[in-house]
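Here the structure comes first, spelled out in structure tokens, and everything after it is commentary.
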Amino acid sequence: MKLIIAIVRDTDDQAVIQQLINQGYRVTRVASTGGFLRRGMVTLLIGVDADKVQAVIDLVRDACRPPSEAGQHRATVFVVNMPHFEQI
Amino acid sequence: MKLIIAIVRDTDDQAVIQQLINQGYRVTRVASTGGFLRRGMVTLLIGVDADKVQAVIDLVRDACRPPSEAGQHRATVFVVNMPHFEQI
Amino acid sequence: MKLIIAIVRDTDDQAVIQQLINQGYRVTRVASTGGFLRRGMVTLLIGVDADKVQAVIDLVRDACRPPSEAGQHRATVFVVNMPHFEQI
């Protein structure tokens, strides 16, 4: 499995979370700030099967509004291997 | 080493943290929310030797109360490989 | 690439973030607490090329003040492999 760590703006996180839940994914939300200006960001933790990574990245891209400033992105996505996942 | 990312309810985190510290583990706590209802959750970061992963998972299971709702879990545990760990 | 998860005291995080940004790194900041005393900590997420890991660890060490208590550290650094990184 893979752990997806997606960082989105705090104006987009509710749309992303709603879409993730609609598609059956489980997500944990962590309030965050980005860069020196402490812009409001949200870090999302999503554990998924490896074959779902691209679908989740596409979902995040579609649910986030385009950035208002040049050079900015909708989201930053880190994907790490997760050899062990357990719901206990 | 392994990085354990454990997500527990915010009514269980103090019991889990106390047990972890009693057993000599170091833990970092991040306030979080889960799902669309923004239920209060806590994300715990714990770096451990690979041979301690199961002991930590068992500790988390024992320290969390059973979920009150059917279909819920006590905790979600992500384990990722951590080739490099440093206290500086 | 690598995902660096650095945990620093909340009296040092602004200096670390400023240095990271000065050096061209992107960083996400998550308010955290450490241990049972709930000391104020900050968890920083930094995605970097593998050959930059040591430079970032050195930067964190240099930007954090020495710990005031014996047995404490300036920072804890977790480094995990990140096979996939995307800005979307």
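When the chains are written out, they are named A, B and C in that same order, and each has its own residue count from 1.
Please note the rule applied: contacts are C-beta pairs under 8 Å (C-beta built on N, C-alpha and C of every residue); 3 or more make two chains touch, one makes a residue touch a chain.
No experiment lies behind these values; they were computed from the predicted model shown.
Novice: To the nearest 5 degrees, please report the angle of the rotation taking chain A's Cα atoms onto chain B.
Specialist: About 120 degrees, rounded to the nearest 5.
Novice: Could the interface between the copies chain A and chain C be described as same, meaning over half of its residue numbers are common to both, or is it different?
Specialist: Chain A and chain C contact each other through largely non-matching residue numbers.
Novice: Taking each chain's centre as its mean C-alpha position, how far apart are chain A and chain C in Å?
Specialist: 20
Novice: Residues touching two or more other chains, restricted to chain C: which are they?
Specialist: 30-31, 80-81
Novice: Show me the residue ranges of chain C that touch chain A in the complex, using the header's touch definition.
Specialist: Interface residues on the chain C side: 3, 17-18, 21, 26-31, 45, 47, 80-88.
Novice: Would you mind writing out the residues of chain A in touch with chain C in their complex?
Specialist: Those residues of chain A that touch chain C are 2, 5, 7, 30-36, 38, 41, 43, 53, 57, 60-61, 64, 73-81.
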